[in-house]
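Have a look at these structures, which come just after this line.
Two complexes come next, and they have one chain in common, subunit A, joined by subunit B in the first and subunit C in the second.
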Partner chain A sequence: MTRQKRSHHRLKRAVAPYLYLSPSLLIIGLLMLLPMVTVIGYSFQNSAVLRRDPTFAGLKHYQAIFADPVFWASLWHTLYFTCMSVVFHMTIGMVFALMLNSDRINPTLRNILRVLYILPWLFTAVIIAVIWRLLLEPNGVVNSVLMQMGIIGSKVEWFSSPATALHAVTFANIWAGYPLFMVSLLAGLQGIPRDFYEAADIDGAKAYQKLIFITIPQLMPIIISISLLDFIWTMQVFPLIWITTGGGPIYSTEVLSTYTYKLAFSSYNLSQASASAVVILLISLGLTLLYIRYQKAR
Partner chain B sequence: MRKRHTPKDRLITVALHVALAAGLFFAAFPIYWMLSSSFKSNTEIFALPPTVLPKAFTLEAYAAILGDPVKLRFFFNSYFVAGAVTVLTVLIALLAAYGFSRFNFRGKGSLNTLIISTQTIPPITLLIPFFGLVVSYGIFDTYVALILTYLVFTLPYAILLMTGYLNTLPRDLDEAVAVDGGTSWTALWRVIVPISLPGIVATSVYTFLLCWNEFLFALTLTKSTSMRTVPIGIQLLMGQHAFEWNQMMAMSVLGSLPLLIIYLVAQRFFLAGMTAGSVK
Partner chain C sequence: MMFRIQPAMLKIAAAAWLLGATGAMADTTLEFTQWWEPELPAGSLRAIMNDFEAANPGIKVTLVSGPYATTRDQISVGAATGTLSDVVGLDGAWVNNLNAQNALADMNPMMDASGFDKTQVADIIKVDGKAVMFPVASFVYPVFVNMDLAAQAGVTKLPSTRAEFLEAAKKMTHADKNQYGWVLPLSLQTPSGVQNDLMSWVWASGQSMMADGKPALEGKPVVDMLTFVKSLNDAGVISPGIATKTEQEKVEEFVNDRVGMMIDSLAHVNLIRERNPKLNFDLIPVPVVENYNGKRGLPYASWGIGISAASKHQEEAWKLVQYLMSEKVNAKLVSLANAFPGNVNAKPDFVTSDKAFAKAFEIYKTGYLANEFTGLPVAEDLMTKFDVEAQKMLAGEQSPEQAAANAQKGWMAKF
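And now, the complex of A and B:
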């Protein structure tokens, strides 16, 4: 190769990666980063989107949101819904993973159960919502069984009474989301070296000691990263709540996403909705930074 | 080694199997109930006491769904949008992943972090500016609006997934092409793509499922019944037919079929797609 040819080749090598990345960067830039800037802009305008020449509003919309008791209620419901979901996803996922990993069960049974335990994960949020509405109908199967067992005295309107609605949607979400933990922990369990347990057996360790001193510490990285991701994603849940309760009754299941959606597309207050959307974005970004830091530290 | 057949040991094994059965009931009963209700008549669904197996097995709910062109259109829309987004995502992500995997360049680390962090951007935050954009470009209530918005959500993870896969392929392969005087472009199509099929399948499965399940944007960016996708169709059914539960369940079963089939046929790719980002 002549020198000229070689430098031409090197130039191509230097430009090539940017060319390969350009379609992706174009899409992410134009359809993700730019809209994020836009929504921040909207939150400082009066009548954003609706008027061609919106006026500057300052922090008015943020003040309006922070003065709205429904916003604080939504924040609290989001927190309750998310924390309960993550804790139970993790617990159920862990218990199922440990049970499936036990050498006390026959391998064929294990494989069948593994497939069946993952099932809830395969269903779309809308379908999960519809299934739970059917199950928890006042005349539905859950009430009928609970009444026969004498646990409840009369029909409970799970999704339409303010006392139970939030717990009911949280329960449905717990059911729908544990398999992510289960699958990840099961993969993690299979990665723990067997000699750890053999060494513990020689020292005469009991089963629960092996769990606390070997299994859980070994799984910790998975537990932490999945919990963070699950927290971020659960916080943003929309369709499950929208279809089961729509945020009601009387705001009792209103979460940040339904609150924002209603502001934007029921009240057409897109400016205030943008302010609320920016608040959600900031919370997510904070958690994402935590997640990235954790991933890099590993 | 574990001592077997002591009474205590057998008790533990029995207890474990009881717990496994309880777990199975928890996981599978709601799905079983959906399936069995879809084969019942609407009156039988609320019969007291509830019937575990359909007493009068009927396909009337499925006939009602499959005989209605409006509902078939929901399915067509879902397949079409998910299919189009999957093809575009895989192509674009493959190029980006090739850039990430085979080249060193300035800004690589920060671009990678950017892509990881875009995965967690709340959809509701992007919804409002998208609505503004879609209306002002006159593409409200079109396939284009849905395809473009879905791309944004499928692309970041697809890039990570594909990059992870390409990193597992030895570099000697494409370097051999370079030695023969071929460009990196030739290497990509002649060498990399044919051996990347598992990665491409996993990425496609993930992308397809994400699109198939999407609700918020389909709800907001489309309006006419002929543009609605399956998730929205199910919601509409709930409002229109004053609780035809058997039809709703039949539509849910039909709407879950693609996922169930992909899961059963390509379990390995499915799980690879769903967990790769979180386990690594």
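And now, the complex of A and C:
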């Protein structure tokens, strides 16, 4: 084989993997990178999208959103909404998974509960929002039941009062999202070897000790992975909040996603909306890197 | 067998091609983007376009139709990229932004050149002196009154002033039965309640929220309106859940006998009848301040029309606009839409055939169309800002004067 032929062959071998990857790379580039880069570009332009000749704005739009108290309120609400959701998703998911995994419950009842508990997962965000709007409206079922039980003395405007609105939307989101944890943890529970529990029984361990020293440590990889993913997804929730409260009353349920939407489609300030979207992107990116590092460490 | 092309056949084919080609070249195709077609009976807008094409040989119209929100986004992008359709359906809330982008043509020269009679149109929306939009069809917002609830409450005379409205609302309210006098939707998701349910009180009394083209929210008209709404809220006559209530929920509550009165679009008359055929309701104009005897401003939303500044067929586009604004065609279109005409001489057929519409038409004829958000910059954003301040006031966080002052500050930043 001549030197020229050898070098040609080497080049072909080097290029081949990239050729195989090229369709995927092209799709990722077009559908993910291009929009992302475009939005980042918009955040540094004046009158992005709305003008054919936008000018360079530097960091002006970032300064504007960081100087806006509503942005910081939105960030705080996003963190509250996300943290509470993740913690309760995990807690409820764990309780229900343990219940469904328990031998003490009748198998028929267990199957019925399995279907009931997973129901919220089957509904779209719009349906969930409509259900909870109807249930929590001042003349709705929840107020009626609570008043009959003597828990509240008068009708509570759950979504319309600044004091309760954020808790109400968080509650609706908790209800909608726990099945992910439940299903994942149930799968994890079924994978824990029974020998561990038998050994614990021989040692005279109590139920809570088995939970703390066997079950939870065994489930920890799933708990951390799902928590991180849930944190990323919950931070970006939009339709549930938009349909139930629209970010109100006043700004009490304004989160980063509704704040960005209003900038874009109510104020037509697409440059600032892009800057806000980039902030969300950076937070999500940070969490994603954390997730990837955790996965690699495993 | 050999197939031989005869010279005569070739000549005929060539002549046919030439005829077709020249015909195609002579035709101008106008693109007309709007959200009206899906809201009208199937095929009816296309039929009107067919009539236009028959009356104007050489002009074809392609309808680009979609839901309202999609059309709004499409028009925003079209204006930015210079690809706006020749003729566009417009909402008054959009025109300021579109004009700032130089996307809309000034129809003044077209009107002058064609000798268009300006007195025949109900309104011409102008921005910076440019005539950018005609309201083709208007959906007015009177007060709907549940006559059964009014009779049960002993309201024999329907309210004409704000004080009478408060009294009537108090009588109709029975919170223990989930029944209230009035409903106010101030959801931030769709802040149009500010325009339809709050500012309508100002315009009804011939007042204004503007002064010399600038916001005047701290003036007496707006502060008085806020004080009045606060008094309704303090009296407990407004259906609860104001801050998240949407227009659809407002209508649902009215349909289900849960509120006595609501300010709503006339376009909902048929919907209300469908949802509750037994509902006995009447229409009245929005009540006014004491001792006001002048003409009443009637809030409205409209299907507007304008021409793209980038259109290469502005002459033909103007023909289409003229056609839709002409007396007969306008009457036909608004009859299909259950709306009031953009041409003052047009009389929609439902006015004679339906009592409720006849009453509304009387209200319309004796008043004037009023919507000061039309042509304002980022109108929806202004409504959101006012909405937030009104919500704070109703939550007891600030007085009407403070709400007006804070809203004024927020609005001035946008002018």
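Definition applied: the second predicted complex is superposed on the first by the 274 of 298 C-alpha atoms of A that agree within 3 Å, B and C clash if a C-alpha of one lies under 4 Å from a C-alpha of the other, contacts with A are read in each partner's own complex, and residues count from 1 in each chain.
Keep this in mind: a contact is a pair of C-beta atoms (placed from the backbone, for glycine too) under 8 Å apart; a residue touches a chain by one contact, two chains touch by 3 or more.
Given the structure is predicted, the values throughout are model-derived calculations rather than measurements.
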Subunit B versus subunit C as contact partner of A:Q236, first or second or both or neither: first
Touched partner set for A:I202, first subunit B, second subunit C, both or neither: neither
Which superposed partner A:A297 touches (first subunit B, second subunit C, both, neither): neither
Partner chain(s) touched by A:K12 [first = subunit B, second = subunit C, both, neither]: first
Which of subunit B and subunit C A:R51 touches, first, second, both or neither: second
Residue contacts on subunit A - larger count, subunit B or subunit C: B
Touching partner for A:P249 - first (subunit B), second (subunit C), both, neither: second
Which superposed partner A:N139 touches (first subunit B, second subunit C, both, neither): both
Subunit B versus subunit C as contact partner of A:A67, first or second or both or neither: neither
Partner chain in contact with A:V39 - subunit B first, subunit C second, else both or neither: first
Residues of subunit A that lie at the interface with subunit B and also at the interface with subunit C: 49, 137, 139, 242-243, 265
Subunit B-touching residues of subunit A, taken from the complex the two chains share: 12-14, 16-21, 23-25, 27-28, 31-32, 34-36, 38-39, 42, 48-49, 95-96, 99, 102-105, 109, 113, 115-127, 130-132, 134-135, 137, 139-141, 144-145, 148, 175, 180, 183-184, 187-188, 201, 222, 225-226, 229, 232-233, 235-236, 238-239, 242-243, 256-257, 260-261, 264-265, 270, 273-274, 277-278, 280-281, 284-285, 287-289, 291-292, 295
Residues on subunit B engaged by subunit A in the complex (per definition of touch): 1-2, 12-13, 16-17, 19-20, 23-24, 26-28, 30-31, 33-34, 37, 45-46, 48-50, 92-93, 95-96, 98-100, 102-105, 108, 111, 113-118, 120-133, 135, 148-149, 151-152, 155-156, 159, 183-184, 212-213, 215-216, 220, 231, 234-235, 238, 245, 248-249, 252, 255-256, 259-260, 263-264, 267, 271, 274-275, 277-279
Of all residues in subunit A, those that touch subunit C in their complex: 49-52, 133, 137-139, 155, 157, 159-162, 165, 242-251, 262, 265-268
Touching residues (chain side subunit C, partner subunit A) in the complex: 73, 76-77, 79-82, 97, 101, 178, 187-191, 240-245, 258, 378, 380-381, 384, 387-388, 391-392, 395, 397
